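The same chain A turns up in both complexes below, where it pairs with chain B and then with chain C.
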Partner chain A sequence: MSLRYLGKRILLLLAVMWTAASINFLIPKLSPRDPIKERLEQAAMMGGRNQTGLQAMTDAYSQQYGLGEPLWKQYLHALLKVVQFDYGYSISQYPRTVNSVIKDALPWTLGLGITSILIAFFIGTMLGALLGWPRSPRWLRAFVPASMLTSAVPAFVLGFLLIYLFAFQLRIFPLAGAYSRTATPEWSLTFIADVAQHAILPALALILFQLGGQALQMRGLMVMTTGEDFITFADAKGLRPRRIFSRYAVRNALLPQVTGLVMSLGTFIFSTVLVETLFSYPGLGNLINSSIQVLDYNLLYGITMILVFAVCIATLVVDLIYPLLDPRIRYEGR
Partner chain B sequence: MSAPASQASSPTRPPGASPVLSVRDLRVEYSTDSGVVKAVNGISFDLMPGEKLGLVGESGSGKSTVALALMRMIRPPGRISGGQMLLQGKDLVPLPERTMRQMRAREIAMIPQGAMNSLNPVARIEDQIIDTLEDHATERRSKKVLLDLARSALESVGLRREVGRMYPHELSGGMKQRACIAIAVAMRPKVVIADEPTSALDVVVQRQVMDTILRLQDELGVAVILIGHDMGLMAQSVDRLAVMYAGKLAEVSPIREIFAEPLHPYTDLLIDSLPKLEDRGTFRGIPGLPPSLKSLPPGCLFHPRCPKVMDICRQEIPEYLELRPQQFVACHLHEERHDRAAD
Partner chain C sequence: MAAISPRQVALPVQPWIAGRFLAFARYVRRNPLLGVGLAIFIGLVLFSTVGGWFVDTTKAPYPLAAPVSKPPSLDYLFGTDAQGRDMLAVMIVGTRLSLKIGLLAGAIGLAIGIVLGLVSAFYGGWIDNLIRWVVDVMFTIPSFLVMVVIASLLQAYISIESMAFILAAFAWPGPTRGIRAQVLSLRERQFIQMARLSGMRGPEIIIRELLPNISPFLLAGFVGALIAAVYGALGLELLGLGSQREPTLGMTFFWMQKYSALLRNMWWWWGIPIAIIILLILSLYFISFALDEWANPRSRRSE
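Our next item is the complex of A and B:
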């Protein structure tokens, strides 16, 4: 691993962040809607207040949020925000800053998302490895159509089914939220148990969706790998089937499987947004959804940039540990 | 159907020695959507201890299938559908997979055809040798002992001990094939099957690798089945040559005899198709195509291409007979002679 390679990767990361920041900045600008005006109008309608002065107020607020400035200035400003990790005030939850809103939601998403994706990856990969192994028992094959089914049904539809079955009909798990209204957040066993109980259904929806895909992908990779010459030769060496399975077949099929995991991060985040919304889970996903509805550009911008950053970091981390998995990859920087 | 008499004596074989491997009427079929492929269609031969037997034939004639069958490594949709493979008198065909696994590498080993991809890309060479040593070990040996054994095995095929630390991608094609050879003979097997061990290498390296195999063969006294379609290479390397055509053995003869007086018209054509000094570079193939293994022609499988075809060839399958000691052929041209000799 050379510093030069690391430098290249970080430059690439910056380029991705810059592109994402630009797109994120531009797309909302294409919308004809005006978040401040809409909010004020809403308030005016609800309060039955006088409509006069609405435009003046809109302009004043726009100024405050930096929305009245010329586009290029706003753009530079937006880039600066990314660099400083400071996205200003939330429009919908004023006077809270975007950072503080995100800080409250982030742990929930990380907890739910990372746990789900890791569980899905490990179980899916192991299941797929067994499914693609010629010596596996036949009954295992029943998992192939099952995997196809769960990976074909979007995570939020799975979530609906789970809610209906386990929360609504059987009432084993709570319908929504991250913890009971009556519970106070603290580091106690009862609270942790409460959180776990609330997390099971949304996590299950995410896991089931991801797991099927991971299993099918690994199965395909295993079938390909077991057709390789080095597996035939391993057989000819009279190795124990267990060793051939783990050290020859799985070990090699794992390489593209890990790459695939990184590629699927985007889809996974998208699913998390929908599932969180469905379960009113107080994470980033839910927040994205609500910030789109109320056109909280600042918040939306902050969250998307955090997510893009997270994906970039995850990719970088996998890239850096990849040479440990595959001796053929060396970042000599030559 | 007379099986070859294994007790027949000859100058190259000490009288009374018993073959290390006897194959009798071996059959392998692949079931495909469009029918059953009889890839190996009843072949019989003996392999003496320390003997070098060549196996030649056109592409698709079933050579690799024979090799895999001997290793009991035919995978679905293929299966061994009949016959016996007696390794030191013990039939491998009915052995449970668990027992057969222990025979591989220890009793009967294979040098793979595609050396380029036959090594595990993510494991060090020495670890790949140690895997073999460990999975056949009868007692526990320390890592140090195993490492030393592995590196010595590399030395025995002309590689430096340090090569053990390397990964396959750091080795040249010739080095990889040597490493494979080191792995194949690490357990001192009685029989080694080398399926076109040099086909992916350039000519100079081919020669070197071939020399390594032959030197090891000599040192270890292991019997070798060398598969290929290079008659020239065979002439320099083996004691006896088996000629395969469409899943059957056409002829098996000592290498000298087969070049001096080929018995089967197909062997004749094979030798004839060798590039000669005067017309170097022009490789004359054998006219016509081998039959489809799904719908075999009646009579002699070679009759559609045979220049000496007779009426009987189109109807009756020629018997595989030991025409002279150590010389087997399946051709109607020689049946009469055999009958006369038998009288």
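Our next item is the complex of A and C:
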């Protein structure tokens, strides 16, 4: 563990960004579809008149977007744009740039995502630690099959069942959206309460789904840690069980648990996209869904690259806070 | 050499397979989770194959095959949806198609994983470094987003097979990493050294000595890849990125959402697909939990 390791990790994340950007660039070139032409045909159909010269218009736009240039030049240009975080204009909401559309949706996703990740991680880790601790009360064991169940059922199925139960049958929570149609977004107590009420069901779906996996993983780690010699030694020394639990067992099981959290970010994005779509929650996931429906490729690439970037940053941040969790790791490397 | 090989082949095969099978059967009996998982899974497979004998699979699961929006009755056991699909036929064909996507993608992913994992662990050096690097990159990329980009560009052309290929393209890093680790730990064992000393070449050692020894692990890896593929296919289909014509489980969920079955109070339209999805995924998870323990005896615990 040294600076060299950190350098390697940063290089890996750059490679991740480069791969994602390259796939986003290459796949459309291989695809039989022509977004510009499709878009123009759509517009022509809306216009209702028999449009002539569509091919000429397509060519003109292609020229304008620099699609007539040699492939390598386009590729370098695309990479440069990614580095500059410039994803051009949104096709479906034309005068707005992709960045401004994303900026509107980002707070909702971050709010929902970070809250549910933290809650699920905290509760899941605590639950798992207790499940893997030999002195825990017996009734806790009932949570093992329960965790298996919620970690296996996909978040969107959980979300749908929650909607049916709490929004459709009991009418306690709203069916969809992030705030009531009549409410105006502002920093007032009523609006915040409204937002919270709308966020509870989607957050619950995400939390329940992640919590089970976190608990099972932590349980496994705890079982392994409590079998180690230093636990037996601490026990023999006469330390109080509570101290052995928190300072010896949990502390040591926590590091791989955090690694597991980072590894599960991909699954988490998967679930968030689908849950947001299900609840029409105005975040990035729902934006992905709507940009697929209206063929807004610029927006789709923009969101993809932003999320890939976010995952890379999260991975790096966790790498950097490892030394705080585990004093054995240091990056000062000489 | 030629004189030895037939004897070698003839002798160990029979008791070896029987022994493994018996061990597996005993394991199922001791591990109820695996039994339950297998029972549900086999039930679903039977439902989707034998069930096909009783319904018209070429017409009934498609629109306009039946009167619209009928609740379950004797004529239509699972009811019909708002486009006039017979839900029983939809579920039979849909389960079959979703399983087909998963099995195909899982098998391709595992095959790539076996080749890359074996090569990486067995030959080492720069090729090992390269494969590990690529696997690390693939693990960090949120693959679902990339799949969404690919699928949205192919949307109108997506078939069951192309869906499986898209999923398989992202299904191999897990098996590759796992198999590499397993082979690395086996590589220095005595029986491999013996094989090497007796003049076996690399590929022969891999096929005759290594693969049989990691077979429980391969099975676990396959179920893992299968779950990932079933999950991924459901996710893409929920965004409308599945085969537009075929009634897979995910597409059924998509149409049901699109025509708001919930608000129309058509419980059979959403309830039955969800029940089948839950059963399918739960059974695969139970099998996977149990197989993981079987493949890694170290994690077996006395409960």
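Criterion: the second predicted complex is superposed on the first by the 302 of 334 C-alpha atoms of A that agree within 3 Å, B and C clash if a C-alpha of one lies under 4 Å from a C-alpha of the other, contacts with A are read in each partner's own complex, and residues count from 1 in each chain.
As a working rule, a contact is a pair of C-beta atoms (placed from the backbone, for glycine too) under 8 Å apart; a residue touches a chain by one contact, two chains touch by 3 or more.
Treat the numbers as computed from the prediction; the structure is a model and nothing was measured.
Undergrad: Since both structures carry chain A, what do chain B and chain C do when superposed there: clash or fit?
TA: After superposition on chain A, which the two structures share, chain B sits beside chain C with no clash.
Undergrad: Just to be sure I read the superposition right, which of the two partners does A:148 touch: chain B = first, chain C = second, or both, or neither?
TA: In the superposition, A:148 touches chain C alone.
Undergrad: Where does A:79 make contact in the superposed view: on chain B (first), on chain C (second), on both, or on neither?
TA: neither
Undergrad: Is A:134 contacted by the first partner chain B, the second partner chain C, both or neither?
TA: In the superposed model, A:134 contacts chain B only, not chain C.
Undergrad: Report for A:314: first if it touches chain B alone, second if chain C alone, otherwise both or neither.
TA: neither
Undergrad: Which of the two partners, first being chain B and second being chain C, lies in contact with A:251: first, second, both, or neither?
TA: Once the two structures are laid over each other on A, A:251 reaches chain B alone.
Undergrad: Taking the superposition as given, does A:13 touch the first partner, chain B, the second, chain C, both, or neither?
TA: Only chain C; A:13 stays clear of chain B.
Undergrad: Please name the chain, chain B or chain C, that touches the greater number of residues in chain A.
TA: Touched residues of chain A are more numerous for C.
Undergrad: A:243 contacts which: chain B (first), chain C (second), both, neither?
TA: A:243 sits against chain B, while chain C stays out of touch.
Undergrad: At the CA centre of chain A, how far apart in angle are the CA centres of chain B and chain C, to the nearest 10 degrees?
TA: It is 70 degrees after superposition, to the nearest 10.
Undergrad: So, A:278: does it touch chain B (first), chain C (second), both, or neither?
TA: So A:278 only meets chain C here.
Undergrad: Of all C-alpha distances between chain B and chain C after superposition, which is the least, in Å?
TA: Superposed model gives a least chain B-chain C C-alpha distance of 9 Å.
Undergrad: So chain A touches chain B in one structure and chain C in the other; where do those two contact lists coincide?
TA: In chain A, no position sits in both the chain B and chain C interfaces.
Undergrad: In the complex of these two chains, what residues of chain C are touching chain A?
TA: Interface residues on the chain C side: 133, 136-137, 139-146, 148-150, 152-157, 231-232, 234-235, 238-241, 257, 262-263, 270, 274, 277-278, 281-282, 285-286, 289, 299, 301.
Undergrad: Report the residues of chain A in contact with chain B in the complex, numbered from low to high.
TA: Interface residues on the chain A side: 134, 228-230, 232-241, 243, 247-248, 251-252, 255, 325-328.
Undergrad: Spell out the residues on chain B that touch chain A in their complex, using ranges where they run on.
TA: 71, 73, 75, 101-106, 109-110, 112-114, 116-123, 131-132, 135-136, 167, 169, 180, 183-184, 187
Undergrad: Tell me, which parts of chain A touch chain C in their complex?
TA: Result: residues 12-13, 15-16, 19-20, 23-24, 27-28, 31-33, 148-149, 151-154, 156-157, 160-161, 163-164, 168, 220, 223, 263, 265-266, 269-270, 273-274, 277-278, 288-289, 292-293, 295, 297, 300-301, 303-304, 307-308, 311-312, 315 of chain A touch chain C.
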